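Labels run A, B and C following the written order; every chain starts at residue 1.
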Amino acid sequence: MTKHLLKLVWNRKRINFLITVEIFFSFVVLFGVVLAAVYYVDNYNQPLGFTYENVWRVAVEMNERAEGSHSSQNTQTDLNAPKEPTEEADPPAAATFKQLMAAAKEFSEVESVATGTVSPYGDGTDTSAIGDDSNLIRYGVNLVSDDYPQVLGLTLTRGRWFGKEDDGANYRPVVINEKLSRDVFGELDPLGKELRRPNLPPKQEEEKSTPMRVVGVINEFRKDGEYTAPENFLFQRQLLNNQMRREPNCLMLKVRPGTTAEFEEKVIKRLQAVAKDWSFEIEPVTKMRETANTFRLAPLIAGGLVAGFLMLMVAMGLTGVLWQNVTQRTKEIGLRRAKGATARRIHKQILAELVIIATFGLIFGVAAVVQFPLLDVIGDINSRVFSLSIVISLAVIYALTVICGLYPSWMATKVQPAEALHYE
Amino acid sequence: MIQLEGIEKVYRTERIETVALTNINLAVNEGEFISIMGPSGSGKSTLLNVIGLLDVPTGGKVALNSKPVTSYSDRNLARVRNEEIGFVFQTFHLINDLSVVDNVEIPLLYRKGISSGERRKLALRALDRVGLHARVHHFPGQLSGGQQQRVAIARAIVGNPRILLADEPTGNLDSQMGDEIMDVLRGLKENEKTTVVMVTHDPRQAEKTERVVRLFDGRQVS
Amino acid sequence: MLKNYLKVAFKVFLRRKFFTFISLFAISFTLIILMVATALFDNVFAPQPPEDKADRSLYVMGIRLQGPESQSTGPAGYVFLERYVRTLPNVEKVSLYTTPNVVYSFWKGGKIKSFLKRTDGEFWQIMGFQFLEGGPFTVEDEKSANFVAVINEATRRKFFGDESAVGKMIEADGQQFRVVGVVGNVPIFRINPFSDIWVPISTSKTNAYKSQLLRGEFQAAILAKSSADLPGIKSEFESRLPGVEFPDKREFNTAIGGADTMFEFASRMMIPSQQMESQPRKLLAIIISLMVLFMILPTVNLININVSRILERASEIGVRKAFGASSWTLVGQFVTENVLLTLIGGVLGFFGSQFVLKLIADSGLIPYAEFHLNYRFFVYGLLTALFFGLFSGVYPAWKMSRLNPVQALKGAGGSR
């Protein structure tokens, strides 16, 4: 039977070729959208690592930002003057930040306060890397003050968070996420180990910084939210004294549940009173999350809508073509009926032919999309998401073709044997 | 009326040559009703198509009304078909997307200088002549085989052609309906002096014509 | 004859409602997507007010600093732009301005959130804003740090309702400004001019911006004397980058960037590359191939339906030929049918695009979005649809009408 069907499909190759081409492109387009959707869903199902409810972010603009890590202390920077960050009094910015935190804590609505250099769902990113060029491990960085885990509800899986006990230590305490721990240390216990760039000359390394030592590991911290892929992350301790390497750019406030938007104005006015020259912008993290996720999902939704309409169009086109095929083949079908094929059999035959045609298109389709990772068209998408997307796309296209074939093949079963003779 | 001289028709494909007609000489007079008979594949339909200028012979000459049409351009052939010839087919070949009266109007569409009102009038008159007054706004699919063939005949005669070519007009009909169709054709011959050439393999119907041409393997045998 | 063609065409459409519907759907849907995509593209890139001199403008929208351990990408510092951009030769004008900041105004017991951009006086000479009332602030205003502001229409509504605003005071980010002009809303995608409130740079709370060296919050617009000078300006700017002085070479030692058109800048940001190169051709190629990829499916669909319809009408072609239609008459008929179908699809697509664009604009996803149908692309899209319609509908019909009618009547050229 299969051989018979294959022969039939082959003999009608011109019209079937067009259907095959259509199915091929449908598959490729659908796969693109499904891949994005599966990727998002897969990310969404993984732990976020922090809580965003009742957390407000106050973006702080000091209006006196200058270069990189040693900055801020003097407003008239001479390009060539070497800077000595140590053995100075606390920079004014550090003092101001301390005052701001104290001012925020005075409110009974505020449960805890911390500073940070990047904010969840915020625009900025800060990345760094360790390892050598052949095995460069990139990670996101956030310099935070000691109360940060309380504000954002971070949970440690191992070790401790940094705090007062690290004051004056000859290392920089860091907390990393499990993924970074795995990437750097494998199965080894990261606690107490140092992170350093091996390819830097030791002297320069020494000059540049005291080593980073892992004191704790958190499960996850996905700064850009639930739709992004989990990435390596590292928290460094923010010092608000003469050791300050970089100023924070936001205050994170954990407020009591039920605190309303009116409180925003009170906070801003209070902070403004502490630092007249600075600018503050306050926004609940839930709102930032909404905005960030809307912008992240918008292209997917747009793509999904377009793909949906394309599929609808293809489905209608296919139904039309198949319908037309059946009408043209009334004679053949009638003859089969006359020779004793049951209606059910005809139904099955038409659908089977269709599935064979679809399979041709899909074989080429799969062959095409598996080139994507090889050609590096898509970024770091893991093979599980990739293969799941292929399976889903295949299922959808098969379902679509079969649904499109149902009505025409049902029509075919209505062909009476007499009609075959009629056309003879 | 119709003169065929030494007509040859060979179908060539890449590998094989199929000879469909060899040396056919035939003259049909005005107002004559003749039938062409022969077994399947003997070339009778091909002959009819050659007469109807639907098919170009590979050799020989065709003349209609003593005008040699063999060398006519596509445009002129179309004009001759439109004005001089009417066709009736075994499987009717009505356009299912058009209503009965629209189907009948088709030949008039390709004739210059006929208004749509006139077309409609002529089409209805032609339908009247084949005995179909009602159902003119139905679609072909809603009619019986006999009725469909009447529509096809109406379409063939709506432009008052001098020649009517019928390819097994009764082949898809039961004998009663077939007889009715034969009556219509005979009536045309009698009342309008239309020349009728009919292909058939039904001897009973062939008997009703004035002359029978027999073909076997592309050759004229009588 | 044409009247007849049209009549027959309409009859065919009505009898074959399903096929007609699919064809119309495919044509209008494809046009809608094409129109929406080009409208979005134009919204960002097309030279339209206020960037009406885009053909001789370049922008330095950001730089990347690289060092042994880290890199930093974003707007440039004031000093950097003053030193390396303001001094470029062959330039008519240079303007420096900040990226827009979110600021709050506590106004009559409520809170108004706006974007605030600090600019110099040249900004208003390079950008062709349309003023609803008043006018821009001047170079002089900026020099003497006058607290004046230009606001957009939406901001005027928020502060003053329907009243005029010029001469009145507004409060933003704790500072008081006198409104001197009101302009129409600028879409957020026009990154360079976009803001709600524009005030002089010198009104900044501190003069710390004057010490922003490399990275900061400033961007620059360069207006060349003529578009012929643009390549020279670009290469001059790039040749200056290796000479940039770094305060601490252990932190950063390389500056990457360029004076770009908006599209070149987009290609820098969107195509990942180590050196953040400007690759406008590559971006254009990517956009075009995405568009082609998108259009393939509707095209194949259209061809499929058309071929299928023509095959179905093989016997019709035979009949019409038998009754006196010449090949050309038949081609005329099918051309009419296809052109008519495409035109109807075009009209539907036209109104559909307007509707979808209005839907996007009303969704508020893109503040002050203002979309215009790109008629040139509409015509391109329509011509493409027409081409494929004719190619797939008329070509087989023509071939079939060249066939002798006998075969057409048999339905040959048919199934295989």
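The rule we apply is simple: a residue touches a chain if its C-beta (ideal position, glycine included) is under 8 Å from a C-beta of that chain, and two chains touch if they have at least 3 such contacts.
In this text, all values refer to a predicted model and were calculated from it rather than measured experimentally.
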By the contact definition above, name the pair with the higher C-beta contact count: A-C or B-C. A-C
Going by CA means, which chain is nearest the middle of everything shown? C
Could you please state the distance in Å, as a whole number, between where the Cα atoms of subunit A are centred and where those of subunit B are centred? 72
Chain centres from averaged Cα atoms put subunit A and subunit C apart, in whole Å, by 26
From the C-alpha centre of subunit B to that of subunit C, how far is it in Å? 63
Subunit C contact footprint on subunit A (complex, rising order): 11-15, 18-19, 21-22, 25-26, 28-29, 59, 61-70, 75-77, 79-80, 83, 127-129, 197, 200, 204, 207-208, 264-265, 268, 272, 276-279, 281, 294, 298, 306, 309-310, 312-314, 316-321, 323-325, 327-329
In the complex, go through subunit C and note every residue touching subunit A. 18-19, 21-22, 25-26, 29, 33, 68-70, 72, 77, 101-104, 106, 111, 173-174, 204-209, 211-217, 245, 247-248, 250-252, 293-294, 296-298, 300-305, 307-309, 311-312, 365, 411, 414-416
How about subunit C: which of its residues touch subunit B in the complex? 4, 8, 11-12, 15-16, 315-316, 318-329, 404-406, 409
For the subunit B and subunit C complex, residues of the former touching the latter: 45-46, 49, 52, 54-56, 74-75, 77-79, 81-83, 86-87, 89, 93-98, 102, 106-107, 109-111, 155, 159
